[in-house]
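One chain, subunit A, appears in both complexes that follow, with subunit B as partner in the first and subunit C in the second.
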Partner chain A sequence: MPAIYSDAWYDDMKALINGSAEFKKLAPKQRAVMTLEVVGDGKSPYVPSGAELYFLVVLDGGEVAEYRALPERHDGKGLGFRFTAPATVWENIAAGLLDPITCGLRGQIKIRGDMRFLMQNADAVKILVDLYGRQGRTEWPQGKPPYA
Partner chain B sequence: MGMFDQGFDAIIIGAGHNGMALAAYLAKSGWSVAVLERRTEEGGGLCTEEVTEPNFLHNLHSNYHSLVGICPVYDDLELTENGVEYGHPDVQMGSIFDDGTALTIHTDMRKTAASFARFSQKDADTWMRLWDEVCGYMDLMVRTLMYAPPIALNDITRALASWGVEDKSEFLAARLRSMSVAEFLDKHFENDRIKAMLAFHAAICAYQPHVKGLAVTYPVLLGKIANWHVCKGGSHRLAHALMRVIVKAGGRVFPQVPVTQIVVEGGRAVGVMTPDGFVRAHKLVASSIDVNQTFETLLEPQFVPERTRREVADVQYQDATLFNVHVAMNGLPRYKAAAFDPDIDRAWILNIGFESLADFEHEFAQARAGRLPKRPRLNAAVNSLYDPTDAPAGKATGLLRVFAPFALEDGGAEAWGRVSRQYGEACLARWREVMIDDDAQSIVRRFSTESPHEISQKMINYRFGDWMVGRIHPKNLLEHRPTDELAGYRTPISGLYLCGASQHPHGYITFAPGYNALGVIAEDMGIDKWWDRV
Partner chain C sequence: MVGSGVTERPRVELIGADSASGLADLLHQFLEQTVDASDQKAEAARALRGAVVVRAAEDEAIAVRIAFQGDRIELRDIGTEATGSTPSIQGDFLSVAHVTSGQASPMALVLSRQLRVSFGLGQLPFLFRVLGFMRVDDGSDRPRRVPLLVLVLVPVFVLVLVLVFFLRK
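Up next is the complex of A and B:
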């Protein structure tokens, strides 16, 4: 199992999504660029308090074309979506402990971008977030959520 | 050389806030832009005048600005740096009831809950859960439902169902699309007065509480209940700020230059006619005035396709509009109900008379029938509470509004001329009923009335006195506003765009129609969206 936030973890996530026949069937064909921002909140052992991690997800032609870490915050140009949340929230989702849709509704994940695209591709989005949360293939070398 | 000889990249018809915002963005994008305005000044509904006495500043139309800090235009155009200053009343709204009790809505929602709890602890608890939930998705929903071209209601409800939102949210559900605001309130709240207070908030946003289907956007509306702002120095200050931004960016605003015709050549809008002659638009014409004027008055019939003509002719306007009373006052009013809740004296927007959901149903039914109630139910605001600059020292400026018919049962719209003053007196009498006796006797210095008919004569965009420039009804919202064909800000005539309050989402000082038209224009014209950094 790949360790969270490792290159292998990003690759594994990409393979997992692209291996989903259901996602392939429902995924939008147009290009969509999004970034996830993981904000250290003093509880996660993986992202120091005040530090931030960024990763990029590019959908194109009905599959994930890129899923990788970014060295710095995306400047927003050409970006479709920016999802920002405390590290603990992302990690609880990855561990299957939190529902990402609920987190979006409650404002735990800040979503910037044209929500219409997400709504018009709601079924594909559902599969995407389910895969993120329930893949169960993440290794947690410094401990698994929930954190004390 | 005349000022119009070179033409402009873009000509915007109408200097309301939507047209001016679009002009400002385009000018800042390097375009040459002209805004042509029929009236003697810019601003449209952002109209502040001394209609009672000198130095009493009355906002004739736009008074409540609810999207400050939410709408991206304020930051994009640096409107604060260009002279706009807002007050954010800590006691936002209130209701005064006939038995001397009162409810107050505060920016501090714990105080709101405490006020509600005096009527129903259960409702106070429900309110806090609703507020917490709405705050979670407010920003996201506002951007989706307002600051983006319209999404189909079916797409929204399908997404809510697909994501199982009904199981994750207490208040958001796909079935809201078939419910009225009143039904939503009946479902979740038990106390009539709390329901009336929350329905009042909807009603002053032109959401009639008993119209089926409006509950679908009501949670978003509730998210703005503590975001009412008063524009210091009068709402017209916002128009001045927009003007400054346009001028600094090299654009021009021309008051008293009415457009008499949109000129079409080869199926494309190429300019406009004015009393001074033809003005060429090199890239586009954008109309911020209502669709009826745009398609029925400014375009020659042969350029308007049959479907467009038919659908525009069917556009519906509000069946209840507003009657205004502007009041110069000797000081801030004090209310008898302050004995029950002292904060009521500082509540900016007051409901006086709506005590239950049934009262709204009755009031709007009366308006639809062209009748005036003998005892008016008021929406009262004293801006001086939070902007002392709008009146001489120690004095105050007040505004009373009443939901009213455009055409009276007896005599039609023009009959308002006979009854306006008398109805203004009735409104003042109703206000005096709730004041302490000393104030009731002496507080009013002078007043001036504005009937729906007068409003529609002055602001010709407000057809039938409709300040939302189109009915707030599921058949005229989202992908249906103003018509199915014209909902996307483009028109069948190449180079002609729509950017006014007829468009999604609606009227009010939202900037959203202008902002959304800008996005569409940017896509069509290849403009770098410098304002759109996710």
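Up next is the complex of A and C:
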């Protein structure tokens, strides 16, 4: 069971998504590059207040080609989407406590990118975020959400 | 239209952008990108006059009023505010995405209750035009021919919708 934000956790998430036959069927065949930005909010024990973590997710040919941490914020070149949220929101989603779609509709996750592509691939997006939220495989060495 | 033959894009404005809901923000980006997609889309947007409310099924407190004013499209969060006589569409993210991406017919989703719509009969043509404008096409700027089947089925769908409207009362 990999610890959240560890290299093994990123590898595990990639394997989880690529193991989904449903995702493979519905995923866009063209390349799509996105980043998830995790903003320290003073509540998460994993991301210090004011610090940020970045992951890169690259979809290509109907599967996840890359799912890894980035050393710094993506400069935006070739980027299709940027999803930004406080660490507590991402971690509550990973723990299955919050619905990512509702978080997006409420503005708890800020989304920037090609909304027309997003609409056309909404089924794949839904599977992707459901896998993220319902995997139940993440290990929480410093405590699991909800945080006090 | 301006003299060069290039359609002037309507301005898409989100009121209260700093505190806007995610739905309002998504629709704002979506409408801006749709207007910019082609001259046809820009023209279709400029021809629309009226307002529609889009409400999230996931959270009924999230609702956005979109006002089409010709050279301007204005979006505003209205929350639980009453919509009055403004037509409204309520659905979950997937249903709305399926309609806008052309993967599902709005009529089929209304009949299966995945989309809930409220409107006056006179607002029906406006609603159809709004859905047509918002629908993501292949990006082509060429005029599209309407298939014969659609010409036949649209009046049938309208009739079904009218019947549903009256039977619900």
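Some points to look at:
Everything below uses one rule, namely that the second predicted complex is superposed on the first by the 148 of 148 C-alpha atoms of A that agree within 3 Å, B and C clash if a C-alpha of one lies under 4 Å from a C-alpha of the other, contacts with A are read in each partner's own complex, and residues count from 1 in each chain.
Just so we're on the same page, a residue touches a chain if its C-beta (ideal position, glycine included) is under 8 Å from a C-beta of that chain, and two chains touch if they have at least 3 such contacts.
Keep in mind it's a predicted model, so treat the numbers as computed, not measured.
Placing subunit B and subunit C on a common subunit A by superposition gives a clash between them.
In the superposed pair of complexes, A:D75 makes contact with subunit B only, with no contact to subunit C.
Of the two partner chains placed by the overlay, neither subunit B nor subunit C lies in contact with A:K43. In the superposition on chain A, A:K144 contacts neither subunit B nor subunit C.
In the superposition on chain A, the chain among subunit B and subunit C reaching more residues of subunit A is B. Within the superposed three-chain model, A:K24 lies out of touch with both subunit B and subunit C [touch as defined at top]. By the document's definition of touching, both partners, subunit B and subunit C, reach A:M115. Stretch 151-159 is the one among 25-33, 79-87, 97-105 or 151-159 where subunit B clashes with subunit C after the superposition on chain A.
Applying the stated touch rule to the two superposed structures, the overlap between the subunit B and subunit C interfaces on subunit A comprises residues 99, 101-102, 104-108, 110-116, 118-120, 122-123, 126. Interface of subunit B with subunit A (complex): residues 133, 135-141, 143-144, 148-149, 151, 155-156, 158-159, 162-165, 168-169, 172, 533-534. On the side of subunit C, the complex with subunit A involves touching residues 20-26, 29-30, 33-34, 37, 56, 58-59, 62, 92-94, 96-98, 100-101, 103, 136. Of all residues in subunit A, only 99, 101-116, 118-120, 122-123, 126 touch subunit C in the complex they form.
Taken together, the subunit A residues at the contact with subunit B in this complex read 75-77, 79-82, 99, 101-102, 104-108, 110-116, 118-120, 122-123, 125-126.
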